[in-house]
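There are structures below to look over.
Both complexes below contain chain A, partnered by chain B and then by chain C.
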Partner chain A sequence: MSATLVPETASAASTMRRNFWRGVWRVMKRKPSRMAGVVILAGFILMAVVGPMLLPEHLPGDTSSITQPPSWEHWFGTDPQGRDVLALVVKGSRYVLLTAAVTALITVVAGTAIGLFSGFKRGRWDTVLMRLTDMKLTIPGLPLLLVLATVWQFGSPLQMGLVLGLLGWGGVARAVRSQTLSLRERGFIEAARGLGLSTSHIIGRELLPSMAPYIAMNMLISVTGAVYSQVGLFFLGVLPYESDNWGVMLNLAVFQAGAMVTPTALGYLLGPLLAILLLTLAIVLVVDAMDEIFNPRLREE
Partner chain B sequence: MVQQAPGVRIDGLTVVYKTPAGELPAVRGIDLTLEPGSITGIVGESGSGKSTLALSLLNAVQPPGRIAAGRVEIDGLGDVVGLAGEQLRKARGRHIGYVFQAAQNSLNPLKTVGKQLLDLGRSHGVEDLRGLVREAKDLLGRMGLDGARVLDSHQHELSGGMRQRVGIMLALVLNAHLVVLDEPTTALDMITQANILKIVREVHAERGLTTLVITHDIGVVAEVADRLAVMYGGRLVEQGPTREVLGAPRHPYTKGLIRAIPRLVGDIDEAQALPGRPPTLATVPKEGCVFRERCALRMDVCDTVDPQAVADGPRTVACHAVTVTVKEHA
Partner chain C sequence: MKRLAAVVALLGLATATAACSGGTTNKSGGSGGGGGGLFTTIDVTRTGLEATAPANPYNPKGNAFVGFNAMRIGWVKNHLTDPNQALPGIAASWEIAPDNSSITLKLQPNAKWSDGKPVTAEDVKMSIGIAYTQGSTAFSITPGAAGAAADVTVVDPQTLKITQDMANPSPKFARGVLDTNVLPAHVWSSVLPADFWDKLKAARGDGADAEKAREEITALGEKVIAFAPPKDVSAGPFVLERVNPSEALLVKNPNFYNAANVAPAQVKFLNYTGNEQIWNYLTQGKLDQAGFTATPTDVMNRIKQAPGNEIIKGYSPVAVSMAFNQSKKPYDNVHVRRGLAYLINRDEVTKVASPEGGTPAVTTSGIHQKAAQAWIPETLPQLEPYKPDVAKAEKEFEQAGLTKKDGKWTLADGSAWKVSMHAPAGFSDWLSAQENIKTQLTKAGVDAEVVTTADYPLYLSELNAGKYDVGFWLMALGPAPYDIYQRLYGASNGWTNIGNKVTHAAPGKNGNWMGGPEEIEVDGAKINPGELTAKLNSVGDAEAKPIMAQLAKAANQDLPVIQLWDYVNTQFVNNNRFTGWPKDDELLRGGGNVLMAGVWIQQGLIKAKQ
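Up next is the complex of A and B:
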């Protein structure tokens, strides 16, 4: 009897895991737009990881062709130093995406941890942590970043990501806390407690998965937020121009190459703008799939 | 391992809830004994403290509530009120099986039943998970379900009656011998109700359990319980063997409850609702009898003196009017 049950339970676990990925695949297949989103996102990640390795440390400038409009040789034209805009976009993507990833990670990890703890413990800890969160939420991000920019150069994407992440977890913490407060009163959490399941199990295996789509969505949205803020900061020109960043490109395109008035510099402006647009689009498309991936009920059919 | 059905002795149990108006008792001075191997039913209106009483068997009263006084002695476990942390967690599920109110909602919507069963087993350090699955399948089969299919299902793939049975299975699968069913048949249709009650009775007899059934439906109690306890305003007003209490109720509240049930035969107007409303946490009288506002037999003494539960053979009643007549007859 028990011998026949061995493969049965083992396969039960593996079918469940297989079902999850098959479910993901089905969710993706249902709307081609989601597939496109994933492909674009993967493309960006590949570009950020591999791209800069294929390009020389200092891009060669061709002084005979400065600020050229898009052509077959230079798809998005060249900058005032005669460098290829597309290559600059590729080089800049590493800074942008690394910052975004670090920001998203810090935002989600800190926000979720504080929100969960606060909502589950309630009482005194909740009050303290939430007042702290409120205080943090009242800090205006952009002015603070401008002030910090005078002190730090934000030469490293990790530094930038850290600052943006520490500025961004408040909203997530609040949202996760309210979700926790509502979920912890649900029947299945009460039942889990009554059946003697451990607290770590309840938090990690019952509460967290119920919030997974929510958290995943927040993570992706904070990626776009991080992209906008860093590009914005560089664009404003409050940070040094040494970094390879799309924001630096935008700034130079507008203020140095004069993209607003000279049509030949339009490619220089469009390159990074198009990259940001595509990245945002990809994230929106992937977010669309999140809910269905995590909800077994929607995953069916 | 053959486990004996445990007896439970609840002694002077008081549970209070912290409110802006101070700590108010939801359950006050309850004395109740669950004999080993018996089915005891607790009936009462919404807010009479039934569920709070049941939760204190697990020492699971959630803040802002707390057990303020009393003991809950369970054979083989000791005083539950004194347990805490890991000890308490291990006792839940293994010694005391609890089927929650609205068990239809007590399954995790994201996991299959089988996954939740394995979670339960791991949490309690069960080594033989395969045996656990087998046991669960047996139990489900016993309750007329296809075990393999149910274990592979998500909550939304099961009907209300099936979920209720899954809840009972989860409460029993770790071999708990004290089972608390909180409103086991609420929100189920009549036929499913009858089925669940039949299952409760059969499983009770087969496994040698001590069972506590909480309900607001006297019909349910009449169906399954050996003993019946009636709660009102956080107090136990009357208890005794089900047949005797239902056949010859003594406390005016019990009488009123039974009079309020419409009969299948005879005039529908014979059923009379109790006048007034049940007290809430804030309006329950601090001294004197909790029921006096709605009582037909109200006397002066009821305003000031809390009636003591007086035992008369297997029955106890807490009412001044009843005590007086008993004394007169004696």
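Up next is the complex of A and C:
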């Protein structure tokens, strides 16, 4: 009996996967903006991975053309050292995206694990973990980061991402817990329990897939949060100075090059600013697509 | 409906903004006795107005604007060589004994406080007592401090005599006396205990009692800083009317001794949180005057375009340098320091970092180039100029035992070498300079990085603790010769001068973070630069010159620092409402936190435009 069942299940799963990707394609096609989101996001990832390899380790400066407005030669002008702003943005993207990725990973893993465990086990564990989460949520993120920045120097994106991730899992944990609480009372979980399936099976194969879209969206949103936080910290000048960091560039554009006073420095301000805007836009568009892919009620046939 | 609400709200906002800008419009011929109207400026010495801070010149956030509503005995000038020159303040005139042993002050005969009471010698004496609690240069209780006063005598209500302790005299004793805030005794006398002067006498002795008295006087310092007069009582040309977070308003003091020649009826200090806000005020032509503010070229061009704006440039006795911690390898080797000096193009650094506020250093002499022309004109041409020369740099590095591997210089033992330069985060010109130096060095195969520290006090404490390899360091702080060279051969390099006795601490001890050699060979003879510098504190001009020549040579060949650029005092003024701005180098900059515009106004130099 089981011998006949197994191939059937496998083929059913592959059919489902095919259907899923077909669904994804359909959802994407419906709104070109979603395609644009995916393309921009892919472009940023490509830029962060390949970009810095194509540029010299230290960008050459030209003191005869400092703080120049945008031109054909320099699309976003030059910085006060005479370096190409676009090249600086490309070089800086790696730190930003790597930090965001690490943050997202930690937020999702920690948040989901705590939320699932708490919601599924309930009782004393739930109380303890949720009070911990509440405490974490009451601590304001940016001021805490400002204080932490005086103790640690977030020189590497991994450190930065780790800290941002550890500060950011609270919301995800709360959301996942509430989803778990609602899902665990549903019929399919009751059935799985009735069948005597193991807890790990129920959580891993039944609960988690139903929550995947939710978690994925939270992950992308935490990416934008991570980008804002780190750029903000660098802009405020509390983190170590690195000339190709987006936040540092924004800071120098305003406070050193005078972008608010003179239009020549506008390119220097716009370069990193547009990069952040585009990245956020791409994430918002992808989240929009994801919402429809995973939420059957939004699917328009 | 919603749209209509939004339009209404927007309109409301527009009117509000218009009302605000109407409030800050600067028109001449306003109300007030002087008839000169409103004078708008900023306090460049500190960022951010504190509405609740007292009108106390010793309070770091205090709303006492020195030169405007806070007076000093005199207003010290920036003469190239004579530190004791000053403009009259509360003292109308003074006589300095030829051997600098005393100064006799004659107060302004008509000086009155803003509440109508006369300014007397007792006020000045009490002010000197308060200066003691703050440990000023002339009024120091540190045993053996150079140039400290011995006695303060009230000769008559208009005359005071202050004598110098000749055990360890300083030629700039008079400067220290003149540069003292004058406060009203009838408001401030409660700050000092009745037996203060006895305590001061006790503090000058030796032993436990003296130590206790010194501690008590120092403890009074905190009380002085916190003291809040119920209302501003000023002997200056203005008196504080009100402060809010966006501006401080001062009105003319009708009792000021030279009130007839004070042009503005009111003075407004605008709040700012950073340079970019000052640039904004300046490009809009809002400010009648602003002191030195680091400004990029493009912004400067826009400021110049605003109607009436004028830039006055003058001498500023400060230079900035790249300083080495010689306890760290490879900076202990003079050839490494010289090699770096040959690699750094100072013209380029200055062009990028301080195009409007600095001139590239002609060489490392320890002195601002203008002062050097006055002090050591014959020695200056003999100094090595360290013009950019890669070949010379490589030769120096080779002499230091460094090796070049795959186009990169490594230490003698083959390990990687990275020139790690430190600067405080907010100092945009220093950061810009270091970023440029980094580019220059990496081009020549020397790896380099720029590291920032959160703020200036933290930067100084970490620098002092020997945490940095290389940092930027202000130097050549004139006009007194001792002050100039103690930046290179003073406490930061191991030499302390207490009670006219110079001692040298080992590198890393007692604040010796530079860690330079105790003796340097100059013209075939060994000299002790710290002892020579200490000597500058007690000799006259003629004797100082050969010592300064020796020190310049020592600094030039030993390079404890690489002098990068000499600051230029860039002042921003606007001729639309007021005229008569001084162009004289000596008057453009005062000592410490003096706002020179207030001094110009009270001297009657500034006239309302007719």
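Going forward, the second predicted complex is superposed on the first by the 279 of 301 C-alpha atoms of A that agree within 3 Å, B and C clash if a C-alpha of one lies under 4 Å from a C-alpha of the other, contacts with A are read in each partner's own complex, and residues count from 1 in each chain.
The working rule: a contact is a pair of C-beta atoms (placed from the backbone, for glycine too) under 8 Å apart; a residue touches a chain by one contact, two chains touch by 3 or more.
Computed from a prediction, not measured in an experiment: that's the story for all the values here.
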Quiz item: For A:27, is the partner it touches chain B (first), chain C (second), both, or none of the two (neither)?
Solution: neither
Exercise. Based on the superposed arrangement, let me know which partner A:249 touches: chain B (first), chain C (second), both, or neither?
Key: neither
Quiz item: Touching A:102, do we find chain B (first), chain C (second), both, or neither?
Solution: neither
Quiz item: Is A:227 contacted by the first partner chain B, the second partner chain C, both or neither?
Solution: neither
Practice problem: Identify the partner contact of A:66: answer first if only chain B is touched, second if only chain C is, both if each is, neither if none is. | Solution: second
Quiz item: Is A:293 in contact with chain B, with chain C, with both, or with neither (first, second, both, neither)?
Solution: neither
Quiz item: chain A touches which residues of chain C in the complex?
Solution: 274-276, 279-280, 283, 295-299, 301-302, 348, 351-352, 425-426, 428, 431-432, 435-436, 438-439, 442-443, 450-452, 454
Exercise. Name, in rising order, each residue of chain B that touches chain A in their complex.
Key: 58, 60, 63, 89-94, 98, 100, 102-112, 114-115, 119-120, 123-124, 129-131, 133-134, 151-152, 154, 156, 167, 170-171
Quiz item: Can you list the residues on chain A that touch chain C in the complex?
Solution: 57-58, 60-61, 63, 66-67, 80-82, 150, 237-238, 240-241, 243, 252, 254-258, 260-262, 264-265
Self-check item: Touch list for chain A against partner chain B, complex
Solution: 1-2, 5-6, 9, 12, 16, 122-123, 186-188, 190-198, 201, 205-206, 209-210, 294-297
